[in-house]
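Paired with chain B in one complex and with chain C in the other, chain A is shared by the two complexes that follow.
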Partner chain A sequence: MTPARTAAARPGAALLTAAALLVGVGGLLLVALTLPVPGDGTPPNARLWLAGILALLAVGAVGVRGAAQGESRAARTLPAAFTLLLAVLGTEALLRAYAVPAGLIPTPGRVLSALWTARTVLLQDTYTTFVLEALLGFVAGTVLGLGLALLVVRFRFLERGLLPYAALFSSIPIVALAPVIVKAVGLDWPSKTVVVAVTVLFPVVVGAVRGLQSASRLHLDLMHTYAATPAQTFRDVRVPGALPFVFGALKVASTLALISAIVAEFFGTNGHGLGFRIQIEVGRFGLDIVWAAIVLASVAGIAFFALVSAAETRLLPRAGRS
Partner chain B sequence: MTALRPSRAAGLGPMLIVALIAAALYWPLMLAANVGPAGRTLASGAELECRTALACASQLRNPVVPAPAQLAQGFMRLSTPVTSPLALPYNVGVTAGETLLGLLLATVTGIGLALLLVASRAFERATLPWLVASQTVPVVAIAPMLAVLLGQYGVQGFLPKAIIAAYIAFFPIAVGMSRGLRSADPLHLDLMRTYHASSAQTYRLLRFPASLPHLFTALKVAVTSALVGSIVAEISTISFSGLGKMLAENSRASDTVALWVIMGYGAVLGVTLVALVNALERWVTPWSRR
Partner chain C sequence: MKRGTIILATLLLAAASPASAQKLVPVKVQLKWFPQAQFAGFFVAQAKGYYKAEGLDVQFLPTGDQSPIQTVATGTADFGTTWITDLLTARQQGIPVVHIAQLFQKSGYTLVALKSSGIKTPADFKGKRVGVWPSGNEYPAVALLKKYGMTTSLDSSVSNPSVQAVTYPFDPSIVFPDKVDLVSAMTYNEVDQIVGLGYPLDKLQIFNASDYGINLLEDLMFTTERTLANRNFKGSGMSGEDIAAKLVRATLKGWNYAVKNQKEAVQIVLVNCGNTCKGSGTRSSAASHQTWQMTEVAKLYNAGPSLKGRAGYLDPATYKANVTLLRSLGILKADPAPAAVTYRVWEKATGKK
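And then the complex of A and B:
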């Protein structure tokens, strides 16, 4: 371990790493550009190209390994970025080398162009799925969940009677729940919002209750000796103690929200939404649009998660962060 | 153990009361939800055995919320004969099998990935951000397409659903397991070093046992996602059995009562699978029992 790290600090090793990355990425880019798009021209000699592509990927991997040495900021971020770049370029080159038809796996380039040409439709779908269904449902589920958690903590009867059900309900697969709700509420987007709210509700209730009850006996006793009112104790001890748990639950819920919105759309829509688009385009073998929709859904999912994490860093004191 | 028992008995009382309240609320809720459609059906001049909208509310063919009698009827209709491939018990079994096979595949892949993550820092830095990001990606979205892809290469029947279930379930296992392998007490690790233990011995005697609680926490998350994965896979591939196929069929036919019954079965299956993982955990790690 140690010799490798000291070697990376030397300028020679850094130069070697940069060269390996350059050769790997540049070579793959060149290969991907030289090979014809599947369906155009004669299919190339796949085996020969495969050897070349694998060799370039290996060189790139050596570069990534070199870049990951040390503790600098670059060593933490660059390897991941280059891995993505190498993976995308390698996929493009391999798909072209084997002339895989676009109806089976579209090349990343084709997906990018589909993302651009179908941008108005896809953005509208993203708006429906992400803003109207996932985000709205998430907010509704969170508010309801926090309210329920307060009631559960206040009344011991509810804790014994309601909480076990909440834990039970969270192990129900959303897919089984979605068609029932969609049929009951209707085909428009509110039905999907309800599905999202229901799936978000249970983890939030369980997390918030656990958090509100996590206040240590010592702190509560201290507040008692200060003659603090119950409201003060609640505000100054219980709520700050609960926040890490609540945010943990919210992070889980943020990923659940988007997934359940997309799944719920499989059971009937009025023609909008990423789930609907994916379902319909798979049937028509328009796989470039499908992948474009998945890319948008992923970006929305990552942004959503990042948003919740950012709120966590703003609101939580340093020590409580998970 | 004896201290546990009274609190457990006391805990059942409130649960029962809440269940009774929910059951009592169900009837008026059902009537309120169905009165509108029932009125419309009456107004359209359909031949019905009931006169008022309120009386019809519990007898609609496609109710918004089915009446208890309808649910019982639907349950009997869909559950018997028990061994028939058209009945729910058989289909639940198929989905359960796919889910468990998927979970097995996911566990093997996840643990392998976790070992790589712990062994190589370069590998971790290159891939971990994407593993974490992929947890926020709606992976179910990929299922329909993965099904088409696997079908093209001749993977058919039971296996593609299990693969999709595994694909959705292996990320939490990989992340949980790698966290677990790192959770070994530094003091214990130092002790192993002073014993001159080999790396394999350290893994076998210290890191694996230490990682088991983390692994089981991840497995509980993974089994629910694997279930969702196999159901989604059944919906989006050509399938002849399974809960997903029943859901898709009855959703298309707008058979609301059947959807409710299937939801019930799905819930029972989900709860059972989690209970199974819990039982396995108690059996494998008896020392962590509280």
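And then the complex of A and C:
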């Protein structure tokens, strides 16, 4: 490893890396632009182009490897950025080389242009699916779950009588649950919010109960010697000890929430939402819109997960210090 | 030595007697929905041995709500049945599917409202909730609404629709009449289901799409350019086009028999389906629901060219009208490529021109 590191420090190696990245990215861009859009003109000689595209990808990979050397800020961010760029350009070039119909797999370029042309509707859909269904359901499920966890910890008969079922319910697959709830609650967005809340509820209950019961005997005895009230013990020992468990559950629930919202939309909607859009456009071979919706769902999902993680890092160290 | 002679003799015999000893060519056909009388002709052709007589071993793949285009385009099935708008929009998106025979000569698509809702003409649809099926089955409703200047959120460029589209999993009882004002219904299936739910025909306002100039053709047979161009279909020694012609010939024979002998056809259909053949509510008996379906489907089959002894023929004028309609509504951006339809298979199958 050491020779490579020292080599990266040399200006010659840096230049080589820059050249490799430039050739890889630039070459692929040029290939993608030269090849006709699938469906336009005669399909190109795929095998010939494949060799060229693979070669350019290899050159690009050498560049990414070079950029990943060292511990600088650039060395930590650039490789991922260039990997994405190479992957997108490589996909575009390959789809064009093989003239894959847009109705089966659209090129990334088409997806980007669909994102732009249908942005108003797609953002409305994202609002419905993410804010009204996933986020609201997540909050409702979390609040209910925490409340239920408190009751379970307080009353032993609930722990013995209810908790086993919470664990059981948390393993019910969403595809089995969604059609039933949508049929019972209705086709508008609240039915999806309920589906999300139900899927979020049980992992949160299970996580929070385990967390609240995780306080060590030693800490509890210490509080007892301080003559602390049960409320004080709860605030200063039980809750801080529970937070890592709760956040673990919330992070799992945040990804579940968005998946549940989208899947639940497959079972009936009033014409809004990302799941609705995906379903309707798949049937019309509008795969560019479908992929655009997937991109938006992923962005929302990653943002949501990051938000929960950020809340975790903000709350956890303080809890640890107190 | 003796054994060798016997083997040789058997081989010679096999070569000499064609059809009987020849292996049947396996053909997979993707139906557009679960088994029911909508596909009576196919099941009759199977039960009566019409496919076998053509040297085909036909297997039907049932489907739920995914498009038959997908299974045929990806090669999971060799042939399929679908609606014309589905076929032409797929073609527009670069999927090389080809129309080879037209089974239903008239559209059976309707929108149904309760008479008490006060909806009397399509112009009254504005601001109402319309139940539509996804997966390419929404086009007739979209076309009807567009014709009367209305928009829905089904169109990804419409952010402020004038009619609320409601999607649901096909069964009208989920939404009608509480959650939608109008619901999609095929004359041969959902109309009877709605009646079974307790809304007799005299309480229903039925809008037949074809009465309002939206006669988008439905059940047709299609395959891919690749299958048709195949010189040696699955090692049978026959071209894809020949196999297609055999399939169409046997299927039309099955259909002609089914519409003439509807009672018998229903019995054959019932053997092929379980729960999916049932109706709804008071009309849930599979036998009575499929009898209704057979009667209605026969009306769609016995129309246009079929009346002139040209069943399976895609009337060029109707096709042209469909394309013009779809273009004027913006569902098709350009005229489909000429290769989207071939008459060669039908001509080969029927010997007609």
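Criterion: the second predicted complex is superposed on the first by the 317 of 322 C-alpha atoms of A that agree within 3 Å, B and C clash if a C-alpha of one lies under 4 Å from a C-alpha of the other, contacts with A are read in each partner's own complex, and residues count from 1 in each chain.
The rule is short, and it goes like this: contacts are C-beta pairs under 8 Å (C-beta built on N, C-alpha and C of every residue); 3 or more make two chains touch, one makes a residue touch a chain.
Everything quoted here is computed from the prediction, not taken from an experiment.
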Now for A:L287: first (chain B), second (chain C), both, or neither, which partner does it touch? both
According to the stated criteria, A:A140 is in contact with first (chain B), second (chain C), both, or neither; which is it? neither
Given the touch rule stated above, what does A:A75 touch, chain B (first), chain C (second), both, or neither? first
Please determine whether it is chain B or chain C that touches the greater number of chain A residues. B
If we overlay the two complexes on their shared chain A, which of chain B and chain C does A:L150 touch? Say first, second, both or neither. neither
First (chain B), second (chain C), both or neither touched by A:V175: first
For A:Q279, decide between first (touching chain B), second (touching chain C), both and neither. both
According to the stated criteria, A:L115 is in contact with first (chain B), second (chain C), both, or neither; which is it? neither
Look at A:L29 in the shared chain and tell me whether it touches chain B only, chain C only, both, or neither; answer first, second, both or neither. neither
Touching partner for A:S298 - first (chain B), second (chain C), both, neither: first
Report, in rising order, the residues of chain A that make contact with chain B in one complex and with chain C in the other. 104, 179, 183, 267-268, 279, 282, 285, 287
What residues on chain A touch chain C, complex-wise? 38-39, 101-104, 117-118, 120-122, 124, 179, 183, 186-187, 267-272, 276-277, 279-287, 289
Sites on chain A touched by chain B in the complex: 64-65, 68-69, 75-76, 79-80, 82-84, 104-105, 157-158, 160-162, 164-165, 168-177, 179-180, 182-184, 254-255, 258-259, 262-263, 266-268, 274-275, 278-279, 282, 285, 287, 290-291, 293-294, 297-298, 301-302, 304-305
In their shared complex, chain A is touched by residues of chain B numbered 10-11, 13-15, 17-18, 33, 64-65, 121-122, 125-130, 133, 135-142, 144-145, 148-149, 152, 224, 227-228, 231-232, 235-236, 243-244, 247, 250-251, 254, 256, 259-260, 262-263, 265-267, 269-271, 273-274
Note: in the complex, chain C contacts chain A through residues 66-67, 69, 73-74, 89-90, 92-96, 129, 134-138, 152-154, 156-159, 161, 164-169, 174-175, 179
